[in-house]
Amino acid sequence: MPKSTARKGRLVIVTGIPGVGKTTVLTAALAACNARSVKVDLVNYGNMMFEEASKKGLVKTRDEMRRLGVKTQVQLQLAAAKAIARIAAKGNVLLDTHMFINTPIGFMPGIPSWVGESLKPDSIALLEADPAEVSKRRQKDAAIRAREADSPERISEHQLLGRSGAAALAVQTGCTVVIAHNREGAAEAAAKVIADLFM
Amino acid sequence: MPKSTARKGRLVIVTGIPGVGKTTVLTAALAACNARSVKVDLVNYGNMMFEEASKKGLVKTRDEMRRLGVKTQVQLQLAAAKAIARIAAKGNVLLDTHMFINTPIGFMPGIPSWVGESLKPDSIALLEADPAEVSKRRQKDAAIRAREADSPERISEHQLLGRSGAAALAVQTGCTVVIAHNREGAAEAAAKVIADLFM
Amino acid sequence: MPKSTARKGRLVIVTGIPGVGKTTVLTAALAACNARSVKVDLVNYGNMMFEEASKKGLVKTRDEMRRLGVKTQVQLQLAAAKAIARIAAKGNVLLDTHMFINTPIGFMPGIPSWVGESLKPDSIALLEADPAEVSKRRQKDAAIRAREADSPERISEHQLLGRSGAAALAVQTGCTVVIAHNREGAAEAAAKVIADLFM
């Protein structure tokens, strides 16, 4: 069932595969909200999970997170979801996360049903980019962050699977789905699509 | 879980984006059922929701419906679902609705899980058409019904999201999914695909 | 919610449409597991359902299964799921099934939510092949197994719907999704992707 009337702000989840340009777009979206005097907290699901994992001594770096077993990640997801729900109860939240995380054992859902049920988002915004552009960006970043040099075909599969996951979550929770296209040199346009969800 | 054995007829949901030619196909599907002496009630989900909204004084025209908040639409969805379930208990129902409604805050699920659970459809028939044709039809109708002049690319996204939503509902409720193609000048063929679901 | 800690092995579901080459790939995957001394039981969902149906006198041949009503198939699905869960409690299981079965009344979900909840798979591996190749294989087999001579377009729809169903199940149960491509003459590569899920 959809969210209760107790929540004060809106909870908008933004997902996007590595290399889609999410950091740039989220920064611009927050700036657009600020320019319109709309207060929004940016929360990173991975950071929240990393905090929980660090506390438990499971990992030392963020990159080690994807090597954790499915079971451990599920527990961290739930702990993070509860923490985020507490923030969302007080005001607008822009939640930075992934629909599917590419792990050694397949695409793991970043927002499984029990997390969706706990978060009860208003909207899921899928930030997408041209797979060929994403592939190029990943190759440039390879030295720094050791991303998989995925082919455009594999990137496209990952991105499309995200749409299906969002549709499933929308059907489950009643949230809306927004597809925001991050075209080369047009991050502001994608940011506006996201910022408008708080207006 | 799937529908109980108490229901007498079949409940077939037909979805399709604006401009897909749904009205024409549904009319032809009903005629095909009549020609074979199979009694089917055509029910429009939007009309049922509009009736409920009108009773509550929330709207005066059908077009105002998509300006309502998510929470209000959810309540109207539930009220309509209950009314439809009462009709379906007595005989065959062809339910005209949308998988995702294009609202100012994104694609809103027309058949969220609690509605699916309440309806327990036998089948979901996705009426689809070539996005370029849909785009042309929308432009022609613009003067009359003020539809968004969507690009074929956006229309394709909307249509594909509908398939993902139908797959999610099929997994949830056990209903079957049918993709009916409404090709230019061949509405009868699409209508037959839908009518056959009642044979 | 995800699987309990009581299970000893991993449960990997492999789905693929008729003609995708699943039998060949599964045989090679089992051989790869054996070569690495990893014990895996191959279980065929259709066979388990057929056993249950035979016991009840509902069918005599495997092909008659798809002519059964939805309600009967649901009961058979549940009985099979329980039997499989008992096997999976003891060790690794490779479960051969379908995401959507092409029936006369549409694509029926092979792993509806109550089955997914009962199985709690670790991963769903979607075995896919080029629709044109699948179409050719079906035409060659037509004399023997009376498969529908589907067009590549229809085959592509069926295959894509499977991805959406897998995404929905992943969101529901937390399992991972793997897309394994069965390219012409490269069944070993697809088999390795599946076998690696047990390492």
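We call the chains A, B and C, going by the order they appear; numbering starts again at 1 in every chain.
Everything below uses one rule, namely that a residue touches a chain if its C-beta (ideal position, glycine included) is under 8 Å from a C-beta of that chain, and two chains touch if they have at least 3 such contacts.
Small disclaimer: the values here were computed from a predicted structure and weren't measured.
A.B. asks: Same or different: at the chain A/chain B interface, is the fraction of residue numbers used by both copies above or below half?
C.D. replies: Homomeric contact, different residues on each side for the most part.
A.B. asks: Fitting on CA atoms only, what is the rotation between the copies chain B and chain C? Please report it in degrees, nearest 5.
C.D. replies: The rotation relating chain B to chain C comes to 120 degrees.
A.B. asks: Based only on mean CA positions, could you tell me how far chain A sits from chain B in angstrom?
C.D. replies: So the centroids are 30 Å from each other.
A.B. asks: Please list all residues of chain A that touch 2 or more other chains.
C.D. replies: In chain A, the residues touching two or more other chains are 164, 167-168, 171-172.
A.B. asks: Considering the complex alone, what residue numbers of chain A touch chain B?
C.D. replies: Answer in residue numbers: 1-2, 5, 122-123, 125, 163-164, 166-168, 170-179, 197.
A.B. asks: Would you tell me which residues of chain C are touching chain B in their complex?
C.D. replies: Residue positions touching the partner: 70-71, 74, 100, 103, 105-109, 111-114, 116, 157, 160-161, 164-165, 167-169, 171-172.
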